[in-house]
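Naming follows writing order (A, B and C), and every chain is counted from residue 1.
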Amino acid sequence: MLKYLFRRLNLLLITAFILTVIAFMLQHWSSSSIDNRNYFMLYGDYMANIFQGHWGISSIDQRPLLNKGLIAFASTLELCFVACITSIIMAFPLGILAGLKRNGVIDYAIMSIALVGLAIPVFWLAIIMTMLPNSIGISLPVDGNISLVFEVPVISGFVLIDSLLAADQYQMRAFSDRVAHLVLPAVVLSFFLTTEIIRLTRHAITMVMRSNYIKAAYAKGLATKQIVLRHVLKNALPPIIHQIRLQLSTIISFAMTIEIVFSSGGAGVWLLTSIQEGDYLALPTAVLIISSFILLSSIIIDIVLMIISPTKRKALYADQ
Amino acid sequence: MQTLLNVSNLCKNYKRSARFSSSGFRKALGPLNFTLERGKTLAIVGESGAGKSTLVQIIAGLIKPSSGEIYVKDKPLSTFSQQERCTSIRMIFQDPSSSLNPKATIGRILAAPLELNTPLTLDGRKKQILDTLNLVGLLPDYLDFYPNMLSGIQQHQVAMARALILKPDIIIADEILASLDISLRFKIVNLLLNIQEKIGVSFIFVAHNMNLVRHMSDQIVVMENGMIVENNTTEKIYKFPQSAVTKQLLQSHQPHYRKER
Amino acid sequence: MLINNEFNEDKIQSPLQYTWSIFKKKSAAIVSMWGVITLIFFALFADLIVAHEPSTQYAQNLLLPPYWMEGGSTDHILGTDDLGRDSLARLIQGLQLTLGGGILITFMISLIGSVIGASAVLTKGIKASILHHLLDALLTIPTLLTALILIVLFGPSYENCLLAVSLSLLPQFIRGIYIAIENELSKQYIIALQLDGATNSRLLRFGIFPNIIEPIVTLLNRIFTMAVLEIATLGFLGFGTQLPDVELGSLIASSIDLIYLSPWLVFFPGIAIFLIIIIFNVFAEGLRHSVIEGEE
């Protein structure tokens, strides 16, 4: 176990090193200052600054980049998180159903929906969604994070939490306004995510259903429901989680695109405006923040997977 | 008679902590010493995990030994070129259904070693392939077939043909009989002995079934924990087993418990 | 003779022929195959097909709806935009750049990625290890961010957009093909081929690639889908093609202000992207299933 952790940590450090080099090169290029010292010295300086929290100052509003980036990314994460939860709730039952009734009518129907979900470009769906409230006559906000009347102080960066914390000021109005702002972007993102999870679940379930221990469970006289709950889910879950882990960066990409369409202040809008205004230092900051988030969460997921699934634990002993 | 194969002080150690990721689960092998004469059959027996497979893989050239040397016709194997090695030692794998490329015809599979290791022309190759097929008892019609179209025993015959086609001195067979049922096992064994009689090739068998080993082999090497515990002629091993492992192996194939009639 | 010669052709088919014979029986796959051919045909010969020049402005026909709507004209089947340009012509031009870009990227990635992936598997050791960590690092940077970085470095243009998308997808492909080849390397028939004295190129050509067609199809399909989506996304954000060229994403972006006035200007390019991806996915899925069934 310790050995495994050590190995993961080793991987983490090397990958993090490569990332900081990329960020450093970007920084060096975008600041375009003439410095005669060699690159190693400059890199050392850069890393020292990073560790002390001096990530640079935004040229747009003179605020520290680290702070700005973290707040923007927190809002993106919030969107991802909400979308993930809703799509898991929707996609799991559908995927399990499709996997159990493989090659039946239900399977084909579910998989067709999943294919449609993959094929619709997210930004296009987002645009259509901005039209939706108007055309079906419901009132849902289609732009921004939260209405400007609410001045929610930034505490955690996650607007949902911050608006809850500001409850003594606005009661629950700020929170419900935030939720209303989140509905449409979350629907768009979870549309993509749901289809992805449906596909992964169906694949994992069919793989598990083929194995002999499921046949043995049937032979034991267990009902399908019991088998799914007891055996199938336990064995199908790790590969699904593993695949979602690999898709983290795609999900974040899409979330950023959606935010741009809904012009709600997240990492997407922040980067876009920074680039348009010529504040290129935002790029290395974004690389460091987003990539280290993805890196850390993948490693945490890896470790969790290893704890919950015995087959992965075997990798501990494998001679690799 | 010239000694065909001479294994001398062969060792295989696994680096324990070259990288902290590697775990010390594989055991070291050797030092091993034994010889094999031309036209004879050597059987390597032992419990699973005794290092039999590693040993034959080293001889076949799949794994590099850490120290020691293997001599084929008094020439060290490490000085052999790939071609010389192929034409002197060939290997038959355990399971032919996975050792034959599913996307290549039997003709292709058999032609490949000839193309790579001999200067034969197209006609020469064709003749060689037909001769070898004849030797293992397959019809030339099978040349255009893909492996999955053949039955298990036919796949075994193709695998044998692939090993025989370069006319090697030694053929290594890694538990090839395990996946066959009894009647087919005897068919393959008799086929192999027949071939040995015809072309005088030496065999190295890795085997479990002691009855078959007795039937086939001239010499037996018994292994335990990566070491040779006994090395003698088949006759002597069966009559006067020395070590505990040998006795146990012999016993396990002579059932005490029989159905009462 | 063992085999009656009359049935010989039926019995022994090469894997390719066999796969094709299964593929032929799937109606959805065949339909999608013709769809793919039609799309590629459109992309190649767009200029010859369209009745109007994409850039010609028909000042008397501004914001014309599609012909089946009230006020539409059969002259402009899908209507016109705010400058009176023919929607269909612009759509097909957009299709040309988006689909063409997607196919080009998939092709380039499969070439470069296969070479890198294969050589990484076959040359174990420090080089492969460096590659791995580099890929790991690149995989953690979201595609959009990679694209933004490259575009900031080299400026927005269609070529740079393609480069950005390729660079962000290349690690995924290399990783995929690396795993596929590595799985294959441990198979016994590969070891047997190595014992036959096969060179690495021969090993790849005859031993490995014929046996990893299924994962490659899946991988290429994935890469193509993501490439089309990303080209369109970058075009939409204004980092792709620059005027006067249009691409499906930038077509949507340019008509987004008109969404309430004439929504079809936004609808049609989106539906075009949708159709491209659906058709190619159904085709790839049909191909994959045929390959799997052929192997069983």
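Quick note on the criterion: contacts are C-beta pairs under 8 Å (C-beta built on N, C-alpha and C of every residue); 3 or more make two chains touch, one makes a residue touch a chain.
From a predicted model like this one, the values you see are computed outputs, not experimental measurements.
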| item | value |
| --- | --- |
| Most central chain, Cα average position | C |
| Remotest chain, subunit C as reference, centres from CA atoms | B |
| Separation of subunit A from subunit B, taking each centre as the mean of its C-alpha atoms, in whole Å | 53 |
| Whole-Å gap separating subunit B and subunit C, where each centre is the average of the chain's CA atoms | 48 |
| Euclidean distance of C-alpha centroids - subunit A vs subunit C, Å | 25 |
| Subunit B: positions in contact with at least two other chains | none |
| Complex contact set, residues of subunit B against subunit C | 60-62, 82-83, 85-86, 90-91, 93-95, 98-105, 108, 112-113, 116-117, 139, 141-142, 144-146, 149, 162 |
| Subunit C partner contacts - residues on subunit A that touch it in the complex | 11, 14-15, 18-19, 22, 26, 29-30, 115-116, 118-125, 127-128, 130-131, 134, 246, 249-250, 252-253, 256-257, 260, 268, 271-272, 275, 280, 283, 286-287, 290-291, 294-295, 298 |
| Footprint of subunit B on subunit C - complex, ascending | 1-3, 11-12, 15, 187-189, 191-198, 202, 206-207, 210-211, 295 |
| Partner subunit A, residues of subunit C touching it in the complex | 133-134, 136-137, 139-145, 148-149, 152-153, 225-226, 229, 232-233, 236-237, 249, 252, 256, 259-260, 263, 266, 269-270, 273-275, 277-278, 281-282 |
